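One structure follows; several queries about it will come next.
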Amino acid sequence: MQIGKIIGTAVSTKKDEKLEGLRFQIVEYIEPSGESTGNHVIAVDSVGAGVGEVVLVACGSSARLTNTSKDKPVDAIIMAIVDSLEGEGKTYYQSY
Amino acid sequence: MQIGKIIGTAVSTKKDEKLEGLRFQIVEYIEPSGESTGNHVIAVDSVGAGVGEVVLVACGSSARLTNTSKDKPVDAIIMAIVDSLEGEGKTYYQSY
Amino acid sequence: MQIGKIIGTAVSTKKDEKLEGLRFQIVEYIEPSGESTGNHVIAVDSVGAGVGEVVLVACGSSARLTNTSKDKPVDAIIMAIVDSLEGEGKTYYQSY
Amino acid sequence: MQIGKIIGTAVSTKKDEKLEGLRFQIVEYIEPSGESTGNHVIAVDSVGAGVGEVVLVACGSSARLTNTSKDKPVDAIIMAIVDSLEGEGKTYYQSY
Amino acid sequence: MQIGKIIGTAVSTKKDEKLEGLRFQIVEYIEPSGESTGNHVIAVDSVGAGVGEVVLVACGSSARLTNTSKDKPVDAIIMAIVDSLEGEGKTYYQSY
């Protein structure tokens, strides 16, 4: 998985019929330190994550292993909201 | 998924027989800001997207999860046309 | 898919038994403009493409979706020979 | 597989229900020489590896081929702890 | 597939039980010219390749399509030893 921050939403009317009702979030990939990597992905939300939240994104066929995304043409899924990223004797990130 | 802009079409006569009738679009990957990333992909169109449109591209096995691409040797599919890319209190992109 | 130009052939005697008879082409990835990206892939040929030809390469599990590559340990397949790459009012590439 | 060093743990309360009980490790990818590549991945642990250990990470659908990760939306798994990395007449890395 | 040179072996005692008996080779990716790309992969050997040999590596789900790797959590396999890499009127690489 990669760590990312949700920075917005992609809106689409004309899309594959299996994609109706899915929420496409714009995710900016970040380092554990919180710094942006400069790369983005559009990921389907399966956990109710909103703009500003730090999340984990799973890509590839694994993106279809949630109830939300099963058998759908999506290659990236938000499958967890990050509370904290913790190292040995240090905290990289804390959500609140 | 990645965001991209269709900049043309790849024409091929000699190809795997399962690929007959598919439309191969040349997609330039872009940032949410609209800036080109400098990378391209050739993606099969499943939503009737044309040159100039901003689209979402799904890659890997997920590219075979549309009716257009099922069981075919393609690794990238255009599965949505983007209306807008919206952040908190700002619009990255608007199609019209 | 990625666009590439065949620049040679990889010869292998000692290989997985399922790979007997396959042709491994050395493909240099190119931009639609024809410029080399500097990256290469070894792809199995499924369409009779030869050195010098511009082709499309599908990677990952999709590379096993041709009759040539079915159930074989290969992750890249040449599934189309490119006739032309056409933009709006311009031609990026023409094979003849 | 890629070689990495575990540098911490990602904690998540709100996640896909299939992910309950999994341990998400923050892995910094390293070269055989031990030097950091500057890239990270969040990988599920299947072998009891802890912070500071050098491990192998398998990505993609292969990440779901352990008992820990079967049918779950995860795309990276720690499937081995590295004892040593040995070249011809030299040792790149030794764990103790 | 990518071209690589085996530069060593990764030794692991604590690993997923399905991995018992597999040989994990450290492969340095190279260009057809023989120059290193600077990237490495740990790949399971399925053809009896040893240190110093130039090989082809298949990644992703295709890495599980050999008898050695079937249903195992590995994402890279050595499936061929390269005898030569031949271009039009030139030889990039010759193994002996």
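Which chain is which? They are A, B, C, D and E, in the order written, and residues in each are numbered from 1.
Assume contacts are C-beta pairs under 8 Å (C-beta built on N, C-alpha and C of every residue); 3 or more make two chains touch, one makes a residue touch a chain.
Being a predicted model, the structure only gives us computed values, none of them experimental.
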Between subunit A and subunit B, the Cα-mean centres are separated in Å by 20
Separation of the C-alpha centres, subunit B versus subunit E, in whole Å, is 32
Two or more partner chains touched - positions in subunit D | 59-61, 63-64
Have a look at which chains touch which and call the overall pattern line, ring, star, complete or other.
-> ring
Beginning at subunit B with subunit C second, the chains that make up the ring follow as B, C, E, D, A
Footprint of subunit C on subunit E - complex, ascending | 1-3, 31-32, 46-49, 56, 58-66, 69, 77, 79-88, 90, 92
Would you mind writing out the residues of subunit C in touch with subunit E in their complex?
-> 7-16, 18-19, 24, 26, 40-43, 51-52, 59-61, 63-64, 71-76
